[in-house]
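Chain naming follows the written order as A, B and C, and within any one chain the residues start at number 1.
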Amino acid sequence: MALLPFLILALITGVLLNASALRNFGWSFWSFSYNFLPQTPDQSSWGIGVFVLGTALTAGLAIVFATLLSLALAVSVVVYLPSGPSRVLNMLTNLLAGIPSVVYGIWGFVILAPYFGITVEPTLRSFLFWLPGFGGPASAIGSWGILLAVFLLTIMIIPLTTALMRSALQSVPRDLVDSAVALGATRWEVARRVRFRVARRGLSSAVLLGLGRALGESVAVAMVIGGVTSLPVSLYSASTSLPSFIFFQLDSAFTYPDLLVLLVEFALVLLIITMVVNIIAQRLTQTELATATTVGTLVGREGELER
Amino acid sequence: MIGAGLAVAIGVILLVAGLGGGYLIGKGAGGSSNGTNTVTITETGSTLIYPYLLVLAPSFESVYSNVVLSPAGTGSGTGISSAESGTVDLGGTDAYLTPSVAAQHNLINFPIAISSQLAVYNIPGITQHLNLNATVLSMIYQGAITQWNDPMIQAANPGVSLPAHTIIPIHRTDGSGDTFMWTSLCYMAWSGWKQSYGTSITWPVGPGAQGNPGMVQLLSTTPYGLAYIGISYLSEIEAASGLQWAALGDNNADYNGVVTASGAGQQNYILPSAQNISEDANLGLLNLQPPSVAVSLILGGVPGATNLVNGRGGTNATAAYPTPYPDTNLEYLLVSSAPASSSHQTWVLAFLEWALAYGGTYAPKVSFLPLTPAVIGYDMLALNQVAIGG
Amino acid sequence: MTAGAEGLGEEAPALTYASVSGRTRRRLIFDRFIPWLLPLAFVVVLFPLFDMIFWVAQKAVPTFTLATLTETQVGFGGGLYSMILGTLVLIAIGTAIATGIGMAAGFYTAEYAPRPVATFGRLAGNILAGVPAIVLGYFGYYLLVLYTNWGFTTLAGGIVLGIFMTPYVYRTTDLALTSVPPTQREAALAMGARPRQYLLRIAFPIALPTVLTGIFFAMALGLGEAAPIVYTAGWSSTPITGLMQPTSFLTGAIWLFYDLPPSEGTLLTLAFQAAFLLILIVLGLNVIVQLLSDRFRRRLQGLFE
């Protein structure tokens, strides 16, 4: 009984493995060259590289921004703000987790994209042109691309990472905080030198769990990433990602057996990547309560749950 | 002990379970239909056909009060695979099944309407319909033509001052029948086109957009962009500022007016109109020997071929159909010729017959064109086939 | 207070920036500054939240009537009835599966499983929670649509949704039971209760609110997901009459209707109304969870005192 979750997991992996064994794409699977439906079939190539790169870029950057923002949010709630405003802000942050990802997608697609194209990207380019990725050619267009996907992903995972970080920071023993204060540390110093350090495993696990969530998001990313399979030249470029590609191409794949199997391979690779990320995250938390803390995103009081 | 909060919580869970479960139990044994009860005709597939069937449903149901038409917009791929596995009565698709595949699954291509596609561009300062032929479009989407003032484009548009600006060719990200039509056009029109054709291909150049609304949105914010958009979105294209669509060449002659191998006469540039689109549909059928509806109408179908041929063929317009709009397509419903239940199939056939007789008047509502008499003729033959099979 | 070391020798305890200098002064100013700087992050987060909700509400509310909830979509008109019904049935199946598997597994993990097995089960549960929804959807498509030859069915959608929701119920059940104070068990066993009696009469009632919280959380997550059900439940324009039929659902309505030509304006409105309704439902669940957690926190506190 206790192994039921494992059995389900094994079933998922087994079914995908079974389906993927139908065709061997050879070594070119691990390349950056993807070419579907060329005029002569033997020129097709099935490289996963571009998709992994797009997934890594979007999820990786999103987790960087989400980490910084979530840290700021968690520290303000735990250290600085009085409990009343804290509770309201927690609840509002948690509300973000309750908005369907399709709504995120359409909002990004309709409202955010023009704003990014007209305002955000030119501004970034003129100020951050010296940073790799920010100086590249303009997307010239409605600005669906990596940057917009990163922004959406960032907001989407913030409720999770913030909740996890909040609980990690709250779980720092009171004595440690008190002794630092007694030694004359300011609140910020207590946060930075004591809380961050003591809670570093919990914080890292929060980052990894957030990363896992960002890696797997399909619908919202699909609507804003632009969906091209060429290599991106800057952060304004359109790109693609494993989950969004699966989501968009499944219908076409029903009429192209090779593509259907390719998508299984993609799903399998995605599954393995997220598994590894999640296992590392679990190893980092002594409390093993990551999922339970996720529940805390709605409860808003992770401390209670962790007892 | 158990407080109000708990009671509410348990109540909500029971309510959800009860409503969901109770509804189904109340419906009895799975709602299977027999003659006297309500019959549900299920359709799934192309999102292009979906609005059309939504328009048809209320009118059809008002005539056949015991029948419900339940269409679903899931995508052509889903439509084909569901029809093949027999889980739906009708599979909607933008692309026909080749006769061999259709026969293998006992399916019949049943054209239900005619749709077409526009080549839309956003060039600041240009408000008229440009002349573009399929070869030029193919070269643009391959990356072989990159500037709006390319000599080939200029030659087709004498007197228009084209900007020296890079063309941004936009394509669809999601698998789509529109992509199928457009890649068919590119494939057939130019031997330099490196890809094949299908609902989803790897594009050599250009950004992607999701769905037809995405195409309109992206193009309207992309100066010097070019996109292929289903004609159902004509009103939205007209509403967006700066967008205009092209008159497409019939490829009977190349851009310089040199007559191609297959064609006769000179390059004509044709704007989409009800008449031009219908002409192309008729021409396509005419060009296919033996006659069949399993034909791509792109460029009027290719003379003498049963499938797409990379032949740089022109529309080969005839005296009867002098101005066929080349980017035209039949929308199909796949229907089984060997149904499991012949009593149920009776109602499916009743719907198809009704749609043939009356559907045409509803087609313009979704910017489709009614089937031409020639296509209806083939459909009638197909219906007989189904009846025999059932 | 914080700069007490500097102020020890002085007469007045009131500390001003003028009274300190150099590094300490910089530290103090920084400490004043930070509380105003950090919450700026809330702006970044809350702007999208409000913008999204207002945008959706603005498009949905003016035309939102009772008929939106009770009428079936006919042609380009009608309401969301069949999608609401479909969502309800999908969530009902999902909740039943998730509650069944999740609670059973949680019980065993917390009370019966040997420690290594329990640890392994928990790890698997957490990993399962991290499996991308689209991967689950594809798994469901292969196993429940293709392999079983069912085609698109409500049942398949419900099952995949159930698998998606299971880890949350499982982990909260486990957590709720393991966090019952050990004194409760000792007291019960000392009074002569059998382990089963302890579990059902003592531990379970204490754990129930947390378990319910988990179930609600799972329901809220399941409601907002489209990826696991798009390619398992399919789509249908009519209200379902059986589990072996495809069904429509609210997230699908947003997705599908948004893509249709704008001349079908009513359907676009329906997409926003579906989004609005979903946000409302999730908000409602949020409030219930909040109430629930307040109540059980008070009770837990009572236990600990």
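Note that in this section contacts are C-beta pairs under 8 Å (C-beta built on N, C-alpha and C of every residue); 3 or more make two chains touch, one makes a residue touch a chain.
This is a predicted model, so every value here is computed, not measured.
Listed here as common contacts of chain A and chain B: C.
Counting C-beta pairs in contact across A-C and across B-C gives the higher total for A-C. Averaged C-alpha coordinates give centres for chain A and chain B that are 36 Å from one another.
Separating the CA-averaged centres of chain A and chain C is a span of 17 Å. In this assembly, the C-alpha centroid of chain B lies 40 Å from the C-alpha centroid of chain C. Chain A has residues 250 in contact with two or more other chains. Counting partners per residue, chain C has 216, 258 as the residues that reach two or more other chains. Counting partner chains per residue, chain B has residues 74, 78 touching two or more of them.
Those residues of chain C whose C-beta lies close enough to touch chain B in the complex are 74-76, 85, 88-89, 91-93, 95-96, 149-152, 205, 208-209, 212, 215-216, 219, 234-238, 240-246, 248, 256, 258-264, 267, 288, 291-292, 294-296.
Residues of chain B that touch chain C in their complex: 1-3, 5-6, 8-10, 12-13, 16-17, 19-21, 23-24, 27, 30-32, 40, 42, 44, 47, 50-51, 54-55, 57-58, 68-74, 78, 82, 85, 87-88, 211-213, 230, 232-233, 235-236, 365-367.
Across the complex, chain A is touched by residues 74-78, 80-81, 168, 170, 173-175, 183, 187, 193-203, 206-210, 214, 217-218, 221-222, 225, 310 of chain B.
Interface of chain C with chain A (complex): residues 1-6, 27-28, 30-31, 34-35, 37-42, 44-46, 48-49, 51-53, 55-56, 101, 104-105, 107-109, 112-113, 117-136, 138-139, 141-143, 147, 163, 166-168, 170-172, 174-175, 179, 210, 213-214, 216-217, 220, 223-227, 230-231, 251, 254-255, 258, 271, 275, 278-279, 282-283, 285-286, 289-290, 293, 297, 300.
Of all residues in chain A, those touching chain C in their complex are 1-6, 8-9, 11-12, 15-16, 19, 69, 72-73, 75-76, 80-81, 89, 91-96, 98-104, 106-107, 111, 155, 158, 181, 184-189, 209, 212-213, 215-219, 243, 246-247, 250, 263-264, 267, 270-271, 274-275, 277-279, 281-282, 288-292, 294-295, 297-301, 304-305, 307.
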